[in-house]
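I've put the structures underneath this note.
Note that chain A is present in both complexes that follow, paired respectively with chain B and with chain C.
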Partner chain A sequence: MDSFDLIIFLITVNIGFIFLVIILFGYIITGKIISNYRETRKKKLFGELEDAFLPLIVANDESGVQKTLSTIGVKNLENFIEFISVYLSNIKGDDFDRIINAIYKSPVFKILCDSTASDDLDTRLYSIYCLGLLQKPVCIDNLLNALDDGNFFVRMAAVKAIAEIKCFSALDRVLEALAREKLVTSYKLSETLWSFGEEICEPLLAALKKRDGRIVRIHEEDLLTASMIEIMGYFKFFDAAEEIHAVLKETKVNLIVKSCIYSLGKMVYTDSLHAVEMHLDSRDPEVRVSAVKAILEFRCVEKIDKLKSLLNDSDWNVRYNSAIALYEMSFDFQGYMFSPELAGQEMSMAYRTIVHVLTEKYTTETEAGI
Partner chain B sequence: MLKKVFICEDEPAIAKLIKLRLNADGFKDITIFDNGEKLCEHIKGEKPDLLLLDVMIPGIDGMTILKTLKGDDSSKHVKVIMLTALSKEADIVKCLDMGADDYITKPFSPAELSSRVKKILR
Partner chain C sequence: MKMDLQQFLISVLYFYNYLVVFYFIAINIIYILLNFLSFFEIRKYVRENRVVNTGIVFRSNFYIPVSVLMPAYNESQNIVDSVKSMLQLHYPEFEIIVINDGSKDDTAELLKAAYKMTEVSFEPSNSLPCKNVRGIYVSKTHRNLIMIDKQNGGKADALNAGVNYSKYPLFCALDADSVLDNESILKISRAFIEEPDIIAAGGIIRVINGCRIEAGEVVSIDLPGSVLAKFQIIEYLRGFLFGRTGWSAINSMLIISGAFGIFKKKEVVEAGGYRSDTVGEDMELVVRLYNKYRPEKKMKIKFIPDPVCYTEVPETLGVLSRQRNRWQRGLIDSLLLNMNMLFNPRYGAVGLIAMPFFVFFEMLGPVIEFSGYIVFLVSLWLGIVNYKFVLLFTMASISLGIILSVSSILLEELTFKKYSSVSQASWLFLYSVLENFGYKQLNTYFRFRGTIDYILGNKHWGEMTRLGFKKDK
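Coming up: the complex of A and B.
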C-alpha cells in the first residue's frame, strides 16, 4: 500500500466515522422528539380529561364528559386508563358511580371490550385491567374469552377482572383456568379468590364439594384446593367448618392439612381440637407451625404443656410460634425458666427463643406506648 | 368564604379534585402543595385555617408535619384533616393522638370530605 492509498483509506474511515456519529445523534434526537411529542400528547389528553371529569365529579355535569370520551380511541387507551385509574382508586361513593356510568354509556366501553382481543399485548392487558375497575358484568363474555388467551399475564388479568366484577356465575370457569395454570405458589390463587370478596365462600364450598366430594385426592389441583379452603378460613365462613374438619381427618396431603388447620383456627372451630392437636407432632415443620397457631386461636390452655415442649423443637419457626402462643396465653416465662425441674436439661434453644420473643414483644409494646 | 385552606397531596389529579370541590362549596382561598418541604417553607410565613394533609407525601412526611404544627404555639390553632390509606389503622390512631382534628381514608367520597371540612371550619 503506497502513501496515496493510505490517505484514501484514512479519509474513507473518517467519513465513515462522521456518518456514524451523525446517525447516532440523529437517532438520539429523533427519540427525544418522539418522546416529547408523546408526553405533550399525553398531557393534552390528561388536561382534556380533567376538564371533562372534574366538573362531572363536582357538579354532576355529564355533557362534557361524553364529548371528551367520544374522542378516545385505541391509540389513547393506555393514557386514558392511566388517568382514570387514579380517580377510580382514590374516590368512592356517588362520584365513583358517576364516573363508571359515564364511561359505560360512552363509546369507550365498547373499545375496551373489543380491545380484550387486540393483537397488541399491552392493549389487551390495559383494557382487561380497566374493565375490572369498571365492574360492569356486561363485559363478562370478553373476559371469559381472555381466559383462553395465549399469554399468561392476560389470562391472570382476566381472572382478576372477573373477580373484581364479582361474577360468581363464572366461578367454575375461573377455577378451571386457575387449575390449568399449575402455579407454584398459592399467593396468586388466594389473592385472586380474595378479590371476589366474602360472598365467594358459599359458591366456593359448593365447588369444592363438587370437585372432590369430601375426600381430597392428590392431584395437580392441590394448590387450588388449599387456597379455596384457606379463603373460607380467612373470611371465617363457619358453614364450611364441619366439611373442612372432615377433610382434615381424611387427607394425607400436608398442603391440604395446613390449609385445613389454618381455616379451622381462624373459624375458632374448637370441635376440631383433637384433629388439630395430632398435627403438633407432624413430621412437616410447616404443619406443626399451623397447628400451634390454631391452638393459639382456640386459646387452648390445656395444651400449654405441649407448647412448652415445642420450645425445644428442631425447627426455629415452631419454637418461635410456640413461644408467641404461650406469651399470648399469659404464660409465666420467668417461673418456667427458673423452675428447678428444668435443672440439668439442655434448654439453650428454648431459652434463646423465649428471650427473642420477650424482647420483640417488649420493643413493640414500648413503641406503641402500652 | 374567607377561610384559607392548604392542600398537601402529591397526586395532582386528586389535589385538583379536592380544590374544585371546595371551590364549589365557596372556599376560594386554596393553595396546593405537592410535597412536605414546600408546605413547611410556606407555612412559616402564612398560616392556613385548615390543612388537608396526606400522610404519604414526598419530602417531609405528613406525620412529621402534623407533629411540628401541633407542637408550635404559633401554628397549633391550624385545623388539620389527615388523608390516609384505608388499611393503615395504626396511622389513623397515631394521627389523632398527635392532634389531627379529623381524618379521611382513601378512597374517599369528595362529598363526605366537603362536609367534614365545613363541619371543622364552622
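Coming up: the complex of A and C.
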C-alpha cells in the first residue's frame, strides 16, 4: 500500500466513523424519545387499569372489570402484565382473590396462556411470570411446555411459575429441568423449593426416604439433598425429623451434616442430641457452629460444660456462638468470670469473648429499654 | 559518523511511529471486543433479572449476612448523612462498621453524638495487621452500628481493622462518602449465593454530583453543572459498563473499585488482608486474590452491573490530577507485585489476557501515548511522516474514541436508563464527543505524571477535597 492508498483508506475510515457516530446519536435520541413516549403511555394505561380495578375492590363489580380488561388488557400485554405484577404484589386477602378471579374469568387469561408460546421473547417471559402470580393450576400444561422452551430465561420463569402455582405433580419435571440447566446451586434449588410453600415438605420427605430414588439420583453433588433437608427444617416439618436424624448418622458430607443439624435444631428434635453433639468436635468450624446453634435450640443445659470449653475454640465464630448460646441459656457469666477457672486470665480468648457478648447484649438491652 | 547517528535517530522515530500505530490498533481492537462482550453480558443480566425476585431473600433465610465497612478520615462533612444512608439499606441482616482512621476533625464525636454511641469491649474475630485500636463503640439507637476508633494508618489499614471486628462472612468495603442504592447489597450478595465460586464482586459506581439527595438517599439523578464532572460521567459509564463487564465475562476482572466492593471474609483473611504499603489497595487485593486462589481452585471475581454506588467526583483539575496520579501509582504497584502471573497459563485468562493488557496498555499506555504525541510532532517537524497521514490518523483515533464513548451511553440507554430525559441523553452524547478533545489527553498526562511519581518513589495518597452532599439538596 503506497502513501496515497493509505490516505484514501484513512479518509474512508474517517467518513465511516463519522457516519457511525451520527447513526449512534440518532439511535440514542430516537430510542430515548420512544422510550419516554412508552413510559407516558404506560402511566396512562396504569391509571386506566387502576380505575377499573378500584370499583371491583370497592363494589365487587366483577363484570365491569372483566369488560375493562377485555378492552384495555389485550391492547398492550406487556404493560398490562407489568401492571398486574406491581398491583398484585400490593394487594392481599379477599381483594387479591377477587382480582385474580376477575382476570381468570376474563379473556385475558386465555391470552396469557396462549402467549407462553408467542414468537416474541418478552411476551413469553411476561405471560409466564404473570401466570405464576395468578396461581391458577389450569395453565400448568402451558408452563410445562415452556420448560422445553429454547430460551433459558423462559425455562427459568416457567420453573418459578410452576413453583408459585404449587403444582406438586410437576415437582419431578421442575427438578429435572433445574438439573439439566446445570444451574442447580443451593440458592436456585432452595428458592424453587421454597416457592412451593410449606406443602413441599411432604413430597420432599418422600423423596428423601427413597434416597436411591429419582430426584436424588439426578443430582450428583449432594446439594439437592442438603437443600431438601434445609427446606424441611425451615418449615419445622417435624414428621421428617426421624429421617433427617438417620441421614445425619449415615452421612460424611459436611454440607449435608450442616443442613441436618440446622433442621434438627429448628425442629427441636432432642432425640438427635447425641448425633448433634458429636459434631461439636468436628474439624470443620462451620459444622461446629451449626452444632452449637442446635444445642441452643434444644436448650440443652447438660451441654453447658462443653459450650464453656468451646469458648477457647480456635475459630472466632465458634467462640462467639458458644458465648451467645450460654448467654441465651442464662449461664452465670459473672460467677464464671470470677471463678478460679478464669481467674487472672483476662487476656484469654474465653474471657474476651464473654466480655464481647456481654457488652453487645448489654447495649442491645439498654436500647430496648430492658 | 554524524550521518549514522542521524540515520539511527530517524530509524528510531520511524520505529516509534509504527509502535504507536500498532498500539492504537491493538488497544482499540481489544476495546471493541470488550464492548461486544459487555453488550451480551449486560443484556443477559437484565433479562435474567426480570425473572428473579430479590424479595425472596427477605422472606426466606437464604441470605448471607454482610458487614459494611466504612473507613473515614476527616469525613465530618458527610459522615452522619452517609451512615444514615447505610442504615436504610434493604437487607435482612447486616452491620455497619465505621472505622475512624485517626481523623483530625470531629468525625468520631459527630458519630458518637448522632447515634448515641457507647464504648464496648469487643474481641476481634481476626488478626489482620493494623494500627492501634483506641476503642470500639456501639450505637444505642441502632444495634448494628459500630465505630472503631483507631490510630491513623491509611485506608487499607482501616479496612483491615474493620475486617478484624466484623462478624459476618461477607464484608462490603465502601468509601465513607459513598451513597449506596437501597437494594445494592441485596443485588450484589445474590451473586454469592447463586455462584459459590465467587469470592469477590463489585457493583457500578455512578457520579453523585448533580443528583438530589434526601435523607441520605438519591432521589433524582441529574447532570452536574461542572464540565469536569460531566466528562467523568462518560468515563465511569465506559469504564464500568463496558470495561469491567467485559473483563468479568471472561472471569478476568482485576479491579473492584474501593468505593464499592464485596468480599468473602475467609478468603481475604487467608490472603493476608489489605496491604497498607500501597496506594492502590483495592486493585492490589483483587490481583492478589487471583494470584493466591486461581491456580488452586475454581474461583470467580465478578462485576454486577446493576447494584449502584454513588460517589462524588472531583470538580477541579487539581483534585482530579491527584486522584488519577494515585490511581496510576496504585495500578503499577498492584501489577508489579504480582508479575508472576504475567503470561502464566496457570492463571488462565487472567495470566494470558488480562495481565498482559493491564501491563502493556494500562500501565505502560500513558507513557506510550504521551511520548507518542511528542514523537508524532517531532516526526512531523522533521518531515519523516506525511502531515496528511498524521491528520487523518489523529481524526480516526478521535472518531473511534468517540464511538467507544458513545457506545457506553448506548449501553446505558439500552439497559438501566438512569438519565431519563432527552436533554440529558443529548448532553451526555455531546460530552462523549468533547471528552476526546482535551480531557482524555489531560488524563493521559495525569497518568503519565503518576508513572513518573511512582518511579520517583512517591507513595502519598494525595489530598482529596470533598464538596459534601449537602450542596445538592
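As a convention for this text, the second predicted complex is superposed on the first by the 294 of 370 C-alpha atoms of A that agree within 3 Å, B and C clash if a C-alpha of one lies under 4 Å from a C-alpha of the other, contacts with A are read in each partner's own complex, and residues count from 1 in each chain.
The rule we apply is simple: a contact is a pair of C-beta atoms (placed from the backbone, for glycine too) under 8 Å apart; a residue touches a chain by one contact, two chains touch by 3 or more.
None of the values given here were measured: they were computed from a predicted structure.
Contacts of A:Ser190 after superposition: chain C is touched, whereas chain B is not reached. Residue contacts after overlaying the shared chain place A:Phe17 against chain C, while chain B stays out of touching range. When both complexes are overlaid on chain A, the residue A:Phe83 reaches chain B alone and has no touch with chain C. Residue contacts after overlaying the shared chain place A:Asp94 against chain B, while chain C stays out of touching range. In the superposed model, A:Arg352 lies in contact with chain C only, and not with chain B.
More chain A residues lie in contact with C than with the other chain of the pair chain B and chain C. After overlaying the two complexes on the shared chain, residue contacts for A:Glu50 are found with chain B alone; chain C is out of touch. Once the two complexes are overlaid on chain A, none of the chain A residues touched by chain B in the first is touched by chain C in the second. For chain A in complex with chain C, the residues that touch the partner chain are 3, 6-7, 10-11, 13-14, 17-18, 20-21, 24-25, 27-29, 31-33, 35-36, 125, 129, 153, 156-157, 160, 185-188, 190-191, 194-195, 234, 316-317, 319-320, 349, 352-353, 355-356, 359-360, 362-364, 366-367.
For chain A in complex with chain B, the touching residues are 46, 50, 54-55, 57-59, 83, 86-87, 89-96.
Residues 47-48, 50-51, 53, 56, 60-62, 118, 120-126, 138-141, 143, 167, 190, 193-196, 386, 388-389, 392-393, 395-396, 399-400, 402-403, 406-407, 409-410, 413-414, 417, 420-422, 425-426, 429, 433 of chain C are the ones touching chain A in the complex.
Per the touch definition, chain B reaches chain A in the complex via residues 11, 13-14, 16-17, 20-21, 24, 106-112.
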